[in-house]
């Protein structure tokens, strides 16, 4: 009965929160085979397709370039650990109040660190977290670069070098922090919704 | 003789402005052949290698991914013209006071538009430029997204739709604006120096 | 062996994250009987004593006044539901990046709403949440009041009235939003640490 | 005759500046006896009832809690003098451009210090006042806590300790600064008008 | 004897609040005759020499140019009344928290308007003042121009025209608002101290 | 015939970019003889009349005062070179994104320094320029004074003294920085358009 009632009621504008993003999602059954293959791999490994990937079905020609650049930055060889790169992602997203990235990368910090609180601390205020001097220097640089990039001066790079970072590492910190400055803006602009799975991931049950 | 003289003079800290960036540049004679090939093509087409490419010789594994993603965004098929994408790049860089990007993409706007003033107006204050309603809406969205991404609401997307942009176009505006939020931060963090050629490019002599 | 080693190593400054706050906590065995009674009731009802209460053992004369004012605001009779008051608390704390309040009141929103995502959305960016026009108006007012209180004008109050709020309700929204402007500052100034129990509360297991 | 004229003219919205606040004030002849008693005491001691108290006649159940907490903070035992607490109130209100609190607490600073200029300096820019190192440290902390609470770090507390403040004092500075972060927002939100008496109080005639 | 004592005691940095400004004041007995004449006229008309004039004795060649430009702006023929120009001065100085200008021009508003409260309202938050639509539009424009000048758009000029201002008036609002953007910065940079006379001027005794 | 055509075509709002400013320009053939004389001199020396001068034809009584004060500040005797004063003008205008001033004074820096890049660096981000410690201190002070004038403290003046500046020089830095805070606001408020000649001036052809 309830469902019958539902069927007859006036169409309500599809709310953003029930969908992938605020733009029109193309028919997901007619995707490019290469994209379908990526999504199948996601299902196999994660159990779901990250919504940021779904949003790219609107612009399929760009998907591979985005995905590979993203993967290289976050998973490729670097003096920064994978956890450190995710920590940067969360702190940038905290500056920018980006819901999508805080939920998705907060989950990554929880999973990679095995420390559920750490994800929440970086999402709210990284200054409350117990960090090594190295990580504190890295996140201080990240915060400043996210808020006032043009104010970066040689002293800021020197602080990273003092904390033990090489020039390659400084490049990587900057590139990852920059990447999430971009992702935060893309996600906010298109109203991207994090997959529901992320909210609980890495939280002790 | 000159080199002997150099060897004896007191070491002066290499100034940033004479080099590619504030980090240590690897030996440019020993680059990866794939990178050498890209640089050769740049020399052929532009007469110089953009310094942002030179900076990636410090992180060669990431170069191809960055370069291809960048090329797809700026040169790939889109409802936005190449000039419009460069206009977005300049306005984002204006918000962020990014020297590298304002010089390099200001040049691109001058060349693509054949309007030298337009590049300077977008670099200083896009509100002073004579723009079509479409371009004005695009740049208003870009400015807000650059300054306060989390404040984006449905009304902002609606304003773009009113100005004639499709959902694909909105995605592209957001992705390009995001990309330069990233580039500005990378360039400022590593102290990237624009090639001297950019300053004059597209200016009437 | 490991523990023996630990016993002999040089005393490390007690990290904030292991304690109640960044100030010196008085001997918790010698508390005022009235405070002990409140704490006993907390243990009974919640299973723990909220750390904000513990911090007041440093200033016991003020505890009752703080606690009763707080209780009246959040639990007393009002045209705002308890959940709505907690929603305001979280949004104010989001503006101020207050770790303590986001964790403690994020938990309250999750518990009272039975909607785990809602707490996270309000903590990151309330604009991403599906809200009734009433709640949207309430939180828009809250955000502006938290960021730029002096910019409040009659139009802002009119928007609340349009959304159905009475003058008493407007007073309550303002007083609750103000209270958390205060709590955020107290918590950040004294380095208050949220109880570990809050992180999981109201999250589906 | 005048009143008859008034009755026929078109109702003009009661201007805020002629009343207690921008909300509807309840009938002041029918107040709760406990509130009447407080107001009678104010009349006896001050010659007027502070308008912030009048505003609470709209929410009488909260009045006693607010009033007692306020009194304890500003008049109770503390390592901070009453003047110092009023100085904090004025500096917070300066950050927030709060008319009510600058007028009311500016008056308190003038009266308590016997220094009419001091009240005006703290209201405009506390950095222009001749302050002891202790008071300068206290107000530097207050300003930062008011503007960017989440940026508080251990170094900020250390600066207060260096200036001679105990942990109890740090708590009190933070709580008073927080209280006026709240009062400023309440006053601005409800359009509270300072009593005319405050403007002249403590000014040499 | 007193002076002998002075000569031997350890030099204490002259405090700013006891002097005209934070820079070294030249010997006031050896001033240029033209400046002496101006000062004599001030003594005659005001009973004191405004400290901003005293500061210019450090740069006597510039004094006449500054003084005449200032006089023309504030006292010359204009569609804006003298009071309105002073109102702009105070609101600009409120944005910039300029102690010197708030005290000196607050006094001017009190004297010219015969309304002591008005000066204080404009100094703390002009939005709390009862203003005509014309004055409200003028001060809204002033506030925005002071905070974010580059955000000025045609709509802002249109709002002034709607409120009845001519193009000449718009020019005058802008020039006066600009002049105090300058004065605020000069006064803050050199630590200019307002004359004690200003604090009481125009206040009912 | 052309004029007849003009009379019948639909009135198009005169675009700002084709004119001197966004306000109505008076008939330039009926100017005051003194103004005509100044303009004739400009034509002789520069080949054009700076548009900021043209805008003052709307308020001719103020022109001489403005022009002479401006000339004294920028060309009069000072411990700051003319180039240094123009450098300050550009950095202030960079903070304020003022199109007119960045174009006109960017040209002045290029011409006076014979260094085309320097003008562009100061316009985008002065921190990227190779500056002497003296000039770096001068521009750091300028930037801070432009952004947050009330935050100026004795340490800021001390930094200028350490860099070799006298009290007279500090006054001049502050006054020039203030003057462009004013000019930026006037130019933005009235929509002043830089003369086309400025864009190319001082650029190598």
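For clarity, chains are labelled A, B, C, D, E and F in written order, and residue numbers in each chain start from 1.
The rule is simple: a contact is a pair of C-beta atoms (placed from the backbone, for glycine too) under 8 Å apart; a residue touches a chain by one contact, two chains touch by 3 or more.
These numbers come from a predicted model, not from an experiment.
J.: Can you list every chain in contact with both chain B and chain D?
T.: Neighbours common to chain B and chain D are A, C, E, F.
J.: From the centre of chain F, which chain's CA centre is farthest?
T.: C
J.: Comparing centres built from CA atoms, which chain ends up most distant from chain E?
T.: A
J.: Once you find the CA centre of chain C and the CA centre of chain F, what distance in Å lies between them?
T.: Spacing between the chain centres: roughly 50 Å.
J.: With chain centres taken as the means of their Cα atoms, state the distance from chain A to chain B in Å.
T.: 23
J.: How many angstrom lie between the centres of chain A and chain C, each centre taken as the mean Cα position?
T.: 27
J.: So the centre of each chain is just the mean of its C-alpha atoms; given that, what is the distance between chain B and chain E in Å?
T.: Going by mean C-alpha positions, chain B sits 44 Å from chain E.
J.: Where in chain D do residues touch at least two different other chains?
T.: Residues 16, 97-99, 125, 150, 152, 188, 191 of chain D touch two or more partner chains.
J.: Please list, in label order, each pair of chains that touches.
T.: Every pair of chains meeting the touch criterion: A-B, A-C, A-D, A-F, B-C, B-E, B-F, C-D, C-E, D-E, D-F, E-F.
J.: Within their complex, state which residues of chain D touch chain C.
T.: Residues of chain D touching chain C: 16, 22-24, 55, 58-59, 61-62, 65-66, 68-69, 72-73, 76-77, 96-99, 141, 145-146, 149-150, 152, 154, 156-157, 167-168, 170-175, 177-179, 181-186, 188-191.
J.: Using the touch definition up top, name the residues of chain D that touch chain A in the complex.
T.: Of all residues in chain D, those touching chain A are 150-153.
J.: Would you tell me which residues of chain A are touching chain D in their complex?
T.: Counting only chain A, the residues touching chain D are 125, 127.
J.: Chain B touches which residues of chain F in the complex?
T.: Answer in residue numbers: 15-17, 94, 97-99, 102-103, 116-117, 120-121, 123-125, 128-130, 188, 191, 193, 196, 199-200, 203-205.
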